[in-house]
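Chain naming follows the written order as A, B, C, D and E, and within any one chain the residues start at number 1.
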Amino acid sequence: MIIGKVVGTVICTRKNDNLIGSKFMIIEPLVKMGDEKSRIVAVDPVGAGNNDIVLVAQGSAARVGCGNQDSPVDACIVGIVDDPQKIVIMD
Amino acid sequence: MIIGKVVGTVICTRKNDNLIGSKFMIIEPLVKMGDEKSRIVAVDPVGAGNNDIVLVAQGSAARVGCGNQDSPVDACIVGIVDDPQKIVIMD
Amino acid sequence: MIIGKVVGTVICTRKNDNLIGSKFMIIEPLVKMGDEKSRIVAVDPVGAGNNDIVLVAQGSAARVGCGNQDSPVDACIVGIVDDPQKIVIMD
Amino acid sequence: MIIGKVVGTVICTRKNDNLIGSKFMIIEPLVKMGDEKSRIVAVDPVGAGNNDIVLVAQGSAARVGCGNQDSPVDACIVGIVDDPQKIVIMD
Amino acid sequence: MIIGKVVGTVICTRKNDNLIGSKFMIIEPLVKMGDEKSRIVAVDPVGAGNNDIVLVAQGSAARVGCGNQDSPVDACIVGIVDDPQKIVIMD
């Protein structure tokens, strides 16, 4: 998984039927978890909001995360880091 | 998923039988979602056109998106952003 | 998928039993679909030849493409672009 | 797989139900197995601790590694290199 | 797949039960198949040795390659290029 920040949203009117009702959030990985070209779009079944720091699973795990194997998604928010202080890095 | 622009098409006469009838679109990721070497080819079951801004799922999700588990695809357009204004990035 | 050029071949005498009879082609992605470090090896069930421009599926789609779920492959040629003019990029 | 060092932890209060009880470790790949932007978060079913050098599997293998196909994870610690001397590189 | 050289080994005493008995080889991709940060660890069910040039499958194909769907691996040696002369690149 990667940790990233919710920096935006995107709305698609025309989309795959299994995406109806899904919220699409634009995620920017933390600076050590991706470069400035690594933003992705993830579905959000856990109710994250703008600027939240979130845990994102990618690949087939995304379908597991959104609870619908028929949903064509490759990235899903699976947790919210309520307080960035909960990310502890040792030096 | 990534958001990208449909910048071209490619036609293959000889191909896997399960790709007959599929449209192949060349996708260029938005500038923050890939570099200048990140173009991919995605199948298009949702009817996107040239210059459309689209949502693309990759990996095993692509087969889910095109509705055919026998189709050997690893990228699929799953939504169309009709109006790029629908992409909201916070500052 | 990516579009690439068949630039070589590789032969393995000792290999997984489910790869016996498979042809391994070395693929160089088109310049906008990978950098100079992005060559991959793909199996070729569609009969591509040297210098052909091909469509390559990666990941679990490769096993779908070669028609054998027991074949341990992660890249497969799924189409041949007989004429590079068939790749249309808009400006 | 990659070899990396456990450099931190992250705690998510709100998360997917199938992640309850999982420990999330921040992994920094060894210098030749990733760059300074390649940190990932992996679940830890084998009991690694801070500064441990670990073997991490990514993709669908992560769900196999944590023993729960319903767990939306894409990276999992699958082994601990108790002694870094056990990594032998030839010159 | 990628072609790489076996440049080392790693031993994990504590590991997932389904990895007991597996040999872990450190693979350095050929210069055009990865950069100096792209080393990976692959299991070796085909009996490769140090300095061997090997074909490596990644992702879910690795579990197919090692013949055990319960093995949490994401990279597997699936062939040995006994003679590097067997890699033919056209100019």
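As a convention for this text, a contact is a pair of C-beta atoms (placed from the backbone, for glycine too) under 8 Å apart; a residue touches a chain by one contact, two chains touch by 3 or more.
All values derive from a computational prediction rather than experimental measurement.
**Q** Keeping to the contact definition above, tell me which chains border both chain C and chain D.
**A** E
**Q** Taking each chain's centre as the mean of its CA atoms, how far is chain B from chain D in angstrom?
**A** About 31 Å, centre to centre.
**Q** Per the centroid of Cα atoms for each chain, what is the distance between chain D and chain E, given in Å?
**A** 19
**Q** Mark out which residues of chain A touch at least two other chains, giving numbers and ranges.
**A** In chain A, residues 38, 59-60, 62 touch at least two other chains, as defined above.
**Q** Which chains make up the ring, listed in order from chain A with chain B immediately after it?
**A** Order round the ring from chain A, first step to chain B: A, B, C, E, D.
**Q** Which of the residues in chain C come into contact with chain B in the complex?
**A** Spelled out, the residues of chain C in touch with chain B are 1-3, 30-35, 38, 45-47, 55, 57-62, 64-65, 76, 78-82, 86-90.
**Q** Across the complex, what residues on chain A touch chain B?
**A** Where chain A meets chain B, its residues are 7-16, 18-19, 24, 26, 28, 36-42, 50-51, 59-60, 62-63, 69-75.
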